[in-house]
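Shown next, in structure tokens, is the structure this report addresses.
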């Protein structure tokens, strides 16, 4: 069993804002992250799969195909977007890095080939903050 | 003469959009960067000054004071903000990295002590794109 | 269950020196690291917790509060200090990266909120050497 | 139990080419990686061991000795080499990052002292692709 | 005047070998870099241009167009190639990083628009070695 | 004319302390950096030379020889040392990054071959603070 990780990235706007709360409570809870006019990040996304290397290729999966799946089902829907307004799979959710990582897992997992298993979604919001989700 | 550089960072939303143009022309010129709902970046800002080290301290400038000036006149006005809507010194300008670097120079330069000279504003929009402005 | 990591850093002096041994044995065992006049490092500290995202915030923990705990109970006691002489929780221990990581776990763990679990202390001594401690 | 990681690196040429296939099939499967005249990489190698810190040194293992073992049994055989032609332990195997990581485990593991356990070989082929092997 | 830099990368094989010299002299001069079976690198390429920002776009040049020129005239000819054997503009030259940076300048410079000036080719061979060429 | 840069590093202890001042004034001027028991850093040192590539090698200078000079005249005197107490060429000077960079220039410059010119000493004290010295 070998683990293979591909790094991708996307740039997006978001805010942390709970519509059930007052502006004051949002500011108290989220500080500058609640700025009504949005802010944004360069997100770094690491996707890890595991599997057995194929005898003929030495690959657990062709990294170009892997990258294409990540782009089609996650990056293309997130890059240069507003996470709160433009992303169907984030509708109705708080746009925290935690929730975003979990949602990206849901989007990518069904499209991977059967001989590999999705192991981890690791998402950097800034160079000093990241979350990891292992699917459970 | 020694050059001293301090790195700071800020996270902001923006879009590239020229109000004098149609939506179609904006999309043609700026592509995904023109997304009306904004996108955003983790900007890395490097500010470089030059001067002679003081005999008593060995410093051309106390880096804590230097950092405080960068924060007060640039980072605090940019961090967790919308560059198009929230930043007084970007009003009426295209929010390109080029224009932002030049504007940051204008904001910081008057507040530096007389014994140092502002040398360079270096601004990373992403890990693969940066601009430098030397004041002329 | 989601894992959240916050990176902090501190700059400190230390030496590797076992007081029960002769100077010669210390030099033989620790080489340049035993220099009696100390040396030092920029330590990078990654603290990882795990928990369930809160429905209202999307957070497993507010990263500002998390950062504040790391600073109060670890970074503020280590930054710009001599690890052998100035740090109460390293008294009587060898100042290896291994022991430092384990000690940081002991300092931080009791102060975290009940709904999250400390998962890992990862400590870089240099860009090429790091240790991880998972609490057992 | 503490985990200790040492980063090393090596520069090597390779190609992805299955001698049982036609040139056309190799190009179809491996694209530019099948270039008959080779290409190459700066590989970053992270080796992680685990063990209990020694009471007298605070180390699970002297990192200089650890580094020397990695160099003798892996890096010196790989650095400035052609992975397909020059490396005895890659003979007859596809030169994928997966296979290389597994082979490096086999080379290093028997030479580690009994009081530590090899935990992980992590190998970066590029800044955006890496594999991890945990020995099973 | 603002300076804009775009980072690209390519992976290539090469060797340092002067055909006018004996194998022994090549090994004496270039050490492991003269390995007849080649070695390779992940090259990081930074291309810097300077110019005046356009009033309507805020750009000195559209970074997508800039990136496309770098790819067409440099990266696509170098990536996954053997620098000694496969690259027309390196024929008959020693494959040092110095010569490669100078050759990349010659390839890119004629294809840039008239309103910008090529300022610098910065080329990393490894994370610890890079060269810069300013065209004179 | 091509510029060649080599990165080296060293780990050292220091403090900022002016012996002509009281403890109180030192603390007021240098804050935590004046801690009498020292603190320390992982310094990253970039040395840049310029020259014409040799026709036979393609090098402006053999980077192994260049690295050896930096090590012999700078790194070996600084690594795992106390900059205030152990380094002959820092005696009687404030141990600021500015002064250290200027001193490293003085140590290295006389030992470079005649066909290259020392261009820059760039010294990182932390990932967010660096100085550059160009010899004048």
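Letters A, B, C, D, E and F name the chains as they come in the text, with residue numbers starting at 1 for each one.
Here is the rule we use: a contact is a pair of C-beta atoms (placed from the backbone, for glycine too) under 8 Å apart; a residue touches a chain by one contact, two chains touch by 3 or more.
None of the values given here were measured: they were computed from a predicted structure.
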Would you mind checking the shortest number of contact hops between subunit A and subunit E? 2
Among the other chains, which touch subunit B and subunit C together? A, F
Same or different: at the subunit A/subunit D interface, is the fraction of residue numbers used by both copies above or below half? different
In terms of CA centroid distance, which chain is the most far removed from subunit C? E
With chain centres set to the mean of the C-alpha atoms, which chain is at the far end from subunit F? A
Counting only Cα atoms for the centres, state how far subunit A is from subunit C in Å. 29
Identify all positions of subunit A at which a residue touches two or more other chains, and write them in rising order. 31, 127
Chain-to-chain touches, reported pairwise for every pair that qualifies: A-B, A-C, A-D, B-E, B-F, C-D, C-F, D-E, E-F
With touch defined as at the start, can you tell me which subunit D residues reach subunit A in the complex? 16, 18, 20-21, 29-31, 93-99, 101-102, 127-134, 136
Report the residues of subunit A in contact with subunit B in the complex, numbered from low to high. 9, 11-14, 31-33, 35, 37-42, 79-82, 85-86, 126-127
Okay, in this complex, where on subunit C does subunit A touch? 1-8, 48, 53, 56-60, 62-64
